[in-house]
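Below are two complexes that have chain A in common, paired first with chain B and then with chain C.
For the complex of A and B:
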């Protein structure tokens, strides 16, 4: 009978169940069911309480030592799935067998240390150059938690300007304040639009972070609605961080509407912070009623200037960095990145690449090499490395464009140009159109051209995907070398 | 756990809490609409006849607030059964019957949509009490065939049914536009009721009643309230926005006061505690300048390029924008593709001895500028063929750009167009 009852009725998507988290190695795989109660002792037990942790996990850790199963019997697949969905098994990653991670610091050179510090994933304790934004979000959240009412905030800015890092830094500080009893307790949930296969999966994730159970989205939505619309005497404030808001917008916009409508209920005590890239997303994409609920509390993260980028990199390097990294090298990276996008991730990546190139100390030359690699334009190189006939073909396309004045050319016109150029150059054996079509489709696959499928043969349209200057530059610079 | 700071909340914090945009008990400015709704309900209750009503209005004009106030009314609750359904919370359009079944505690015979519908209709024919069904955000139920909406609006005409149906939505003419067939039969046609946007005086009254509840009227002097209400009522008449701005003003005033205190404390560290206590209690009402500053920030449009262009606008993005303006200014063909823009941009860069980005990088840069709302990109099959459209007023961008030296020189450099 056990087999009969264990058959799952609906197919369950594993992608929705398995969360992407890094787990500690001392976690116990299966634990007994625990009562839903929030004890303050658990929060005190682990001092390095990180906001990413779900409340269930910390509770699970505390109860794990009490009852570990004596003889773990193998589970049937459906039993296992049931346990996963109930949140009784936490996903673990396989550990490395051989201990290759050597902890001794003595062996690591300054450069290696700098490289580790420069990794994008190493978020510093306090973000440099974002103090104003930090204060802004902190005041908003602190006010909402103290007032015990709900609200929304919209944070926007181009990628890599420290939006998510600042918000989670604020949350960390506030959690520290609660532990010191200077602030009422609050719960923190976070979802990311990009991690959901579908907007409605947001309900599943939110519910999972509240209780640890995985249920279908309909059920999760009903339960969340019940939670947020019915008043409960000892409800604590919930802070919900919604990253990548624009992904959650579909045609009906029901998910965004619900996420922003719950804070307006006085019973919910929900504070929603939404993050997206576009500054005018509410006006551009959202419906009027959703925009009205989103409110006017907004904050824009401006791109980093070169001074700020320089400060960020030097703060990462710390004292050790001064030996491994030349000051002017950092400045060059900062200036180059700030001119294009002001993305801190990019600056850090280029610095890391420079440390990989350098042997002992990163100088301007190394940085220049890294910049050339990462802000590279490979097109000229690609044209230079084309075969002779391909180069003539590209020239023919460019010539046809200048002749007709229209960007779009047909293969026929290009082939005529090809014949002319070949005659001038004295290429004796011009390929027949069939062969030329093959050249064309090869160039199309390399994306030097934009071409239609070859079945249109003579009438297929060809567009240049590189500028005509690039072609002339690549071929003219090379020609003296071939002649000599 | 009682937190210590709970005790000494200042007036700013209280004002901030009072101005929240959650549900409230009294609705100043909506007396007339409330009376009309009440009359509609009572007249139908007395006649024991069905009726339908369609309530429309801009977001934030208090439609849901009025109806949820009436749904909580004890007098009405004795005489009719009340159901409130928000149509955004249902899984699909057809699932509204299922939701209604659970709200009415009905037992349908099967699990299909049709079974649920039959159960509801059976209930409507035999119900002892009158039913008040409020469907919020009813525009979510509209589909191509409108089968669900028609079925619901036909319930009042069902023989023996005693149902009061209220649909809430934003659009003024949803019933005329999407439910044209209802016009054919007068008994089916819902009565229309419009919630006009709040006027200036109404917004002032709302603020006054909110603040008077907690005895905080002195935080907002009348002048500031007038200014705030005049601006909001002129733009949208949405009370959520008004409350939002009011809250924002208080937050900023509090922030400024806190900063001021810090300075004060630094100056007078040796003052005794008693005196400090006194200074804290002095409450400054919010200034007109503070309200004006918030209003300008919120409604001052996104066109603050002037300061952007100086400070935090990456150079390559500036060059891109300048090239775009140059092309728009001098070419008759305003149809600018990414490829054409890139060619001009490269010439501009090479003339200024600046290393130009290649096409792939350039596409990313254009995307970043798009997030500011300055331009919009119409996607095509190939990145090179994407269309770039300037979204801001051209004249204003010109004015903002031509001030700066580098930019002015680019805008006059028609040779870069390559004609």
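For the complex of A and C:
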């Protein structure tokens, strides 16, 4: 009976010789893995047994059994992948060898502290200037959790207005409440459209956060469907945060539909919060039935005004701020950023750059330099630093635009202008058309011009990607042409 | 007559100069501010701060060299070497996120990679990478992502990779630095708005300086000169350090120029340097350099020129002469299309002339074979050399012009099958000036043809 038990499946495929072996009563045939404990017996057998025909295979068998060490073998990559899919291996990064990451805080200057505080990744406990939105989302979620029913909410706003940070802040507060037993328990799941390779992977990610297992999306879909549609007596509320909703919208919209349809099931007890950038996304992109399920509970995050941005930066700086940052410097950043986008990330990044420029205290001048680096365009500088013939080429394009009155020019017309300008300026070596094409493609690579591929030769169309004023300004200010 | 010794010394010098021109990947001249800016940024990344940066500059401005130089500098720093992983991606090689992601997984030596092979699907790879980065904190190694040809990464579907890299750099996860390198000035406009918001908007512009001709001359002199042994020895250390760069993606360290391997005879070096210093100071040489400088101010262009000069040095002509310099410069100024025209047969030149006449009369209107053949026949009838040419031979000549792209079909998708090839309309890819020059330079062109080229009247 033991014989039959131990017979490995693979022995069917073994060659005749192995099958011909006559087994003793107490002998154990086993797979190499099982042989670990009975190492000695197998080794003895191998000594007695001399293979006739296929030595390689039997040797492999014997070495495999002999080599099997007592310590656990390192996993083969495919075994590892299985464990990863089962969620048994936790993903890790390589660790630092010498831990220089956190030298004690005393040695850091005020400026360094300020720089650390200003990093976008350092999210404060409570977001300044978003109290109203916080309350709004908090009330919605708390109500849904208390009532133990499902629902949807749609949050919109341009990037960098604190949507995700506020929602995560609300969730954190609610989780604190449950820990104090002031609120029934709930589960929190989070997916991000941009972190998925395709919309259907949303099922996989949700299921993975529930169980830790990675399965195919079809399987995940079925399992989630089962979970949310069949009533279970002790089910707790699930809060699902869907970031970047617009990416999940494909043509069929089955994923969005499912995500928004589950909350309507009484068994699900699912609350879905969706985040996207455009305010009118439901009406513009989604089908009628999806929009209807999304409901009208909506919240829009307005871009920060300069006062709010100033408050955010000052809050980040805290007490250290007064020494490291001049008040008017913060105000300048806030006003500049609020005028462009109202993006908090931008304001923080500019402030951080200013701390890098400054030596001990950030003043207006440092901020101005940082602003120039991060907002200003470099086109004028690029034109100034072109070679002389490239500059003449740009002038020729501008001249051709003025002559024809049309934005789009052809290389032939530009080349004629080039000949004229070169003759007027007394350039001795006018490049032949072939080399002028090279100038054109070089300027096109920089995107000072927009040009067709050079395959079109004399007939390629050329558009000026800078304004003619920029060209004149760049070339007149230093007057590089007067040297002729 | 040069001795054997001298000849050996010369071939050594030539090899030295060529290698220095081609394989000196880490030496960058100028750009002090930009270099220290990037170096400080990477240094701080090594210490655990997350950042992102775009390095922008025209082609051949030394963007990759700057990064290599900064890395070589930082290899000095033991804690940087130990605590930083470098992941190198190239938009030309990693043409979509799938391939890029596999490469990242391999280069970061994550759990699901084994010997350069990555297991699992695209979605699994992305999820695993994000989990790894999320699991990381200040205690985990910093990762520097270098994305060359950054603008090509912007064309990937949804910009998933860029979003995720920038997102990690702006949240409390493993410290990473995203360093994009591109030649497009307007690259930020290619980013989607949420990706743009996550990018820190640090841009470092590399522009070669346009109004410093003296520096250009000095650079030329430097590239031509052979340094002293002491100077060679002092750079040896820097190159040895490149061994520390344990990244399979960076291959430049394996094949880097090693100056310390060379030793020169002092007399030879003195002679060589003195001659070339004098050569460059000559007005004619200056004029040649000015011509190069007017066309392209980049260092790479000059290096190419000098490489061609250096390879002309041989024992019978052991020093670079002024004539060599100016003849090489003339090659740069010459028009390749005229060379091509001069290689055509007289019949084909006749066709080109007929096309030119047609274009002049009808103001560059398109033409087909029949039009040109009629014009050509008018000439051939009265000429003494072109009388017996058959139609099929002329058509063959016309086709030859077409495949050498001296004439181009009007429609891009050549309408063969729809229109007969005799009737397909074409346009001429030459200027009148080019044709005129070709007619002048053509060897042994019959006088009749030369005269016909002057005027369309017969």
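The criterion applied here is as follows: the second predicted complex is superposed on the first by the 404 of 484 C-alpha atoms of A that agree within 3 Å, B and C clash if a C-alpha of one lies under 4 Å from a C-alpha of the other, contacts with A are read in each partner's own complex, and residues count from 1 in each chain.
The rule is short, and it goes like this: a residue touches a chain if its C-beta (ideal position, glycine included) is under 8 Å from a C-beta of that chain, and two chains touch if they have at least 3 such contacts.
What you see is a predicted model, and the numbers here were worked out from it, not measured in a lab.
> Which term applies to chain B and chain C once both are placed on chain A by superposition, clash or fit?
Fit: chain B and chain C sit side by side once superposed on chain A.
> Report for A:166: first if it touches chain B alone, second if chain C alone, otherwise both or neither.
Touch status of A:166: no partner.
> With the two complexes superposed on chain A, say which partner A:355 touches: chain B (first), chain C (second), both, or neither.
neither
> Thinking of the overlay built on chain A, is A:238 touched by chain B (first), by chain C (second), by both, or by neither?
Neither chain B nor chain C is touched by A:238.
> Considering only the touch criterion stated at the top, classify A:407 as touching first (chain B), second (chain C), both, or neither.
A:407 sits against chain B, while chain C stays out of touch.
> Give one of first, second, both or neither to describe whether A:279 is in contact with chain B, with chain C, with both, or with none.
After superposing on A, A:279 lies in contact with chain B but is clear of chain C.
> Which partner does A:465 reach: the first (chain B), the second (chain C), both, or neither?
Both chain B and chain C are touched by A:465.
> Return first, second, both or neither, reflecting whether A:158 touches chain B, chain C, both chains, or no partner chain.
So A:158 meets both chain B and chain C here.
> Could you say whether A:117 touches chain B, chain C, both of them, or neither, answering first, second, both or neither?
neither
> Looking at the overlay, does A:143 come into contact with chain B only (first), chain C only (second), both, or neither?
In the superposed model, A:143 contacts chain B only, not chain C.
> Chain B or chain C: which reaches more residues on chain A?
C
> Look at the superposition and give the distance in whole angstrom between the closest pair of CA atoms, one from chain B and one from chain C.
It is 5 Å, taken between the nearest C-alpha atoms.
> Residues on chain A in contact with chain B in one complex and with chain C in the other?
Common interface on chain A, chain B vs chain C: 158, 277, 341, 375, 377-379, 465.
> Which stretch or stretches of chain A touch chain B in the complex?
It comes out as residues 139-140, 143, 146-151, 156, 158, 181-185, 218, 221, 225, 252, 254, 257-258, 261, 264-266, 277-280, 283-284, 288-289, 291-293, 295-297, 302-305, 338-342, 375-379, 407, 450, 463, 465-467, 469.
> Looking at the complex, which residues from chain A come into contact with chain C?
Residues 77-78, 80-81, 84-85, 89-102, 116, 119-123, 158-160, 194-198, 201, 204-205, 208, 214, 244, 247, 277, 341, 343, 345-346, 349-350, 352-353, 356, 373-375, 377-379, 381-382, 384-389, 412, 415, 427, 429, 431-435, 439, 442, 445-448, 456-459, 465, 478, 480 of chain A touch chain C in their complex.
> Name, in rising order, each residue of chain C that touches chain A in their complex.
Per the stated touch rule, the residues are 40, 47-50, 56, 58-59, 78-79, 82-83, 85, 97, 108-114, 117, 119-120, 122-124, 126-128, 130-133, 135-136, 138-141, 158, 160, 163-164, 167, 170-174, 183-186, 193-194, 196-198, 200-203, 205, 207-211, 291, 293-297, 333-338, 405, 408, 427, 429-431, 434.
> Quick check: in the complex, which residue numbers of chain B touch chain A?
Contact set of chain B toward chain A: 1, 3-6, 9, 13, 16-17, 20-23, 58-60, 86, 88-89, 91, 137, 140, 170, 238, 240-241, 244-245, 247-248, 251, 255, 298, 302, 311-317, 339-340, 342-343, 346, 357-359, 361, 364-365, 368, 370-373, 382, 384-385.
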